[in-house]
Amino acid sequence: MILEAIHIILPILIIISAGIAILLKDLLASAVAVAAMSLLLSLEFYILQAPDVAIAEAGVGACLTTAILILAIKGTKRMEEEV
Amino acid sequence: MNGMTKIVKTIAGISFPFIVIYGLYVIAHGHLTPGGGFQGGAVVASGLALILVAYGSKWAATKIKEHDLSLLESVGAIGFITVAFFGILFGGVFFSNFIVGTDLLFGGIPLAGAADINTGGTLPLMNFAVGLKVIAGLFGIVFIMALAISKKEESA
Amino acid sequence: MIANIPYLAVVGLIIIGLSAVIFKKNLIKIIIGITIIQSGVNLFLITLGYREGSTAPIWTSSPGGVMAFPVPQALTLTSIVIGVAVTALMLSLVIHLYRHHGTLDVRKMGGDDQ
Amino acid sequence: MLDMFLQTFDTGNGFWNPIVWIVAFVVIFLIVVIIRGFGNKNYKKGTGQTKAFLSGNQEYEKTQMHVKASNLYWGWTESMKWVIDGLKKMHTGNVSDYVLWFVVVMGILLLCVGLI
Amino acid sequence: MLTKRDYAAVAFLTIITVFLMFSMLLIHPFGSPNASAMDQYIIDNTVEETGANNGVTSVVFDYRGFDTLGEATVLFTAVAGVIMIFRRLKK
Amino acid sequence: MNFLDQLLSHAPALLVAIPLLGAFLTPLIGRVNDKLRNIFVIGILGFTGILVILLAQQIFASGPITYVFGSLDPYVGKETVIRILFEIDALSIFMAMIAIVLSFSAALYSWAYMEKNTGLDKYYSLLLLLTVGMLGMVLTGDMFNFFVFLEITSIASCALIAFYINKVKSVEAGFKYIVVSTIGALFVLMAIALLYGQYDALNIAKLADSITFSFVDKIALVLLIAALAMKGGIVPMHMWLPDAYSRAPASVSLILIGTTQAGLYGVFRVLFTLYGNVITLPTISMGWALVILGLLTMLVGVIMALIQIDFKRLIAYGAIAELGYMFLGVGTCLTILANPDITLAQAPFAFEALKGGLFHVFNDALDVGLLFMVAGAVYYATKETSLNRLGGLARNMKYTTIFFIIGLLAISGIPPMNGFASKLLIYESTYQLNPILSIIAILSSIMLLAIFIKVFHAAFLGPKLPQFDTVKEVPRSMLLAMGFIAAFIIIFGLFPDLIVNTIVDPAANALIDNAGYMRWLIGG
């Protein structure tokens, strides 16, 4: 029962963090939201019995992708311009 | 990009060996426990990225050149494809797992459900090659981008 | 049985990512959108391989019983690494574009036909 | 071997043989040369005969004689302006629009294939 | 203010959403795949054939090793691309 | 002799593995010597080309070849296919020939054309990787493997398009290309996952054997077709194409033709082979969709080409128009095949249309490739791409002008060049489906002639302009590459029958002969 609840809650959380990543105006914050999404995704992978993918997603998605995103934001501009 | 404060540097220095050892463990035990060349390589690369961020890319540029990373990556890739080519020579087919069942290293035949570190045939070899490649590749990407950005900051 | 909620989350992620690519004006936001689509597709692949009450396909100290499918997990691994490669390339192009334009607005990249 | 090369290309409704075509061309060319041989031989180089005759007007400078690429087919582009303007408006050069077009085509195809 | 483009985008995104949702409802229910020929074979035979305890690694490096070569190539390509993009130009 | 047999039996794997090994080695060799690296790359591509020809001979003689990676026992005949396999039939090897001809001439052309740039080690490495991607896409028999090679192709070509990083338009073109093709590739992956989820298989033949055309299959079909057509540059998803083609180095534009055609190959393979068993069920709509997209592609391509003043951009729009002919030919065949009331024997023109479409794939690669090389040569000599400022080059660049005339005649389908033969097949067969189709096709062919005569007039004819007084003929390696392609064009034009009978006919047969593709699976 608890597992089923997690199966329902985690996808919803993932979608929420994806939405936050899109909606935030601060690119640094949205990069962090993407990292949070990756972390939740890797948790979901772990629960779906894919520990290999969970490690890869945590290492690549949550750490390295965020690192290069933040590097790129550092090299460009932090805030999203108003229209 | 300059380095961070002494606290960050120290903590990064302390945690770095653990991250690297965990990553190497993941690579070496890829055929037994969750993980493998990619995952372990990604873990080690994130450890290296941590050091890069803590000490700054200027410091890192004195220690390592992007040439060397590119070379290391080529070596990993060539090692991987060479193992695959050996499949033609010894196993008759490209990508054949020719070591399983021989007396070579990693050639042990697992008893039912009890593979150990000495089994897996070409799998551990490929794991090592891919691990090397992924470490060099992923860290290379982060390193080159960091270097390019710091250069731009200097010129601006 | 849970009424395919993870599957619907996949569609949600893909559509969120696509709308980010279509509606957002910031180049890095577009890249974040693509990352989200990638996550959605990865989640879909893993979800396809899941079996109710299964264990991971690893025999070391496994309790036995049904196992989750290994093939989709392998495919997802490949897809994750491809994703980071693409993201890195796109971001480095964006850094260059910023150097030339001084802005990240997608409308700056006009065509030659106007 | 040779007859393999000389086979005629059968298109289902007719045939097409480039070799014959080329032979015909060569023959026509020879005929033209022969007819040209009957022409007037009084032509002299270096006299006024070689200059362009523009109704007695002065000849333009060489660089101005060349019609620019964007001026070619001016009439056609002028009369088809409504099509060309529409198409130009379509090519915005914006990545989001490119993806939007992809989404549009995918939606239409989904409607076509999914509902029928 | 919504432009014509926004309306079109929303309309077509809705179409895609609806179709994808339907396909997600029609595909096999969560957690109980309806066919398992390929995967069951791998689960049954991995340990004997490849000598690995990790099913995923055996798929990645043995059964579908060629994909992994492709994946390594993608990474190599990306690194080559990034190095090329940030290369030093001749002055 | 034994060695040759051994080589030939492993040729399918070596076709991909050898350029790949070459790509990994190129940066190492480039450290030693530049000239050595160029020779190495050309040698690798030449060797691959020889392998392609050897393999082609074998396939045209004895049917499709299956190569299983990793085991001598492919588990065929048991209930499923476990491993990745290469399934090479006549169509695959046909596309592989195109890819290798383009790559080889691009490598030859780059020697002089790219000489003065930095970063050439990576450039050549990426060139080989792009070849690997194209070859892998056309040779593979596994859906996921197809996706992986698709990604290799897009990443390598993106990096190559952005080669001139100091020019902002190149970087933009690279960025647009990678965004568009990544999204397309992700939808391809989504479709593969949908198919996998239903049938638990990834092999094309196995999937084709078990497809029932349920609702989910329909969705997967649309996702695949839309994404691959975008990769192939079909209107209205073509807009990345002129940007990418015109801003890349000329040698890269040459190979990019190969990548778009690999995308088209994906469309054809999906429609005819993957969904081949249910080809009468996808209703007639898919065939008509192809025909309509083809017509749109032709018209938009020629109209946009007519108003361009940038040399390479104009050729890029011309290339788009050419893509329409292929879609038209293949779509015509599909409408007949998909109609349960008419068999193929009752409508022989459908097969002619397919032959025309496939023949045109090769011809288009050659013609557009030659024109791009000429554009590159003009740029190399004058550093100028705007047609408004060019003029009178025929006086200084005699060979280039001759090659341009050959390309002009070929692309606009003037007899006796190769474009005419394939277009003739398409005109005659589409006329029997619907006369309007062939009228539009002929019309756009005429417009193509007009477009390229404009280029000819603007760039090559006219008085000698003072700013181009010092212009010289381009170096020998570029002329050699152009001559290589031009020789193909003339041979294909003079002996169309030979080409159609030896390579196009088997390819067309392989495309509609679905049972032949799956023979090893069904019949053991």
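The letters A, B, C, D, E and F name the chains in turn, as written, and every chain counts its residues from 1.
Heads up, the rule we're going with is that a residue touches a chain if its C-beta (ideal position, glycine included) is under 8 Å from a C-beta of that chain, and two chains touch if they have at least 3 such contacts.
This is a predicted model, so every value here is computed, not measured.
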Chain hops separating subunit E from subunit D, counting only touching neighbours: 1
Steps in the shortest chain-to-chain touch route ending at subunit F and beginning at subunit C: 1
Length of the line joining the C-alpha centres of subunit A and subunit F, rounded to whole Å: 38
Geometric centre distance via CA averages, subunit D-subunit C, whole Å: 46
Centre-to-centre distance between subunit D and subunit B (centres being mean Cα positions), rounded to whole Å: 57
Inter-centroid spacing, subunit F versus subunit D (mean Cα positions, whole Å): 24
Touching two or more other chains - residue numbers and ranges from subunit E: 9, 13, 16, 19-20, 27, 30, 33, 36, 38-39, 42, 47, 53-54, 56-58, 60, 62-71, 73-78, 80-83, 85-86
Where subunit B touches two or more other chains, by residue: 32-36, 38-39, 70, 74, 77, 81, 84, 94-95, 97, 113, 115, 134, 138, 141, 144-145, 148-149, 152
Residue list for subunit D, restricted to those that touch at least two other chains: 91, 93, 95, 97, 99-100, 103-104, 106, 110, 114
Chain-to-chain touches, reported pairwise for every pair that qualifies: A-B, A-C, A-E, B-C, B-E, B-F, C-D, C-E, C-F, D-E, D-F, E-F
Residue numbers on subunit A that touch subunit C, as the complex places them: 4, 7-8, 11-12, 14-15, 18-19, 21-22, 27, 30-31, 34, 37-38, 41, 44-45, 48-53, 56-57, 60-61, 64-65, 68-69, 71-73, 75-77, 80-81, 83
Contact footprint of subunit B on subunit C as seen in their complex: 56, 58-60, 77, 81, 84, 88, 91-92, 95, 99
Parts of subunit D lying in touch with subunit E, wherever the complex brings them together: 97, 100, 103-104, 106-107, 110-111, 114
Subunit F-facing residues of subunit C, complex: 14, 18, 21, 27, 30, 34, 37-38, 41, 44-45, 48, 69, 71-72, 75, 78-79, 82, 85-86, 89-90, 93-94, 96-97, 100-101, 109, 111-113
Interfacial residue positions of subunit C with respect to subunit E in the complex: 1-8, 10-11, 14-15, 18-19, 22-23, 47-53, 57-60, 67, 69-71, 73-75, 77-78, 81-82, 84-86, 88-89, 92-93, 96
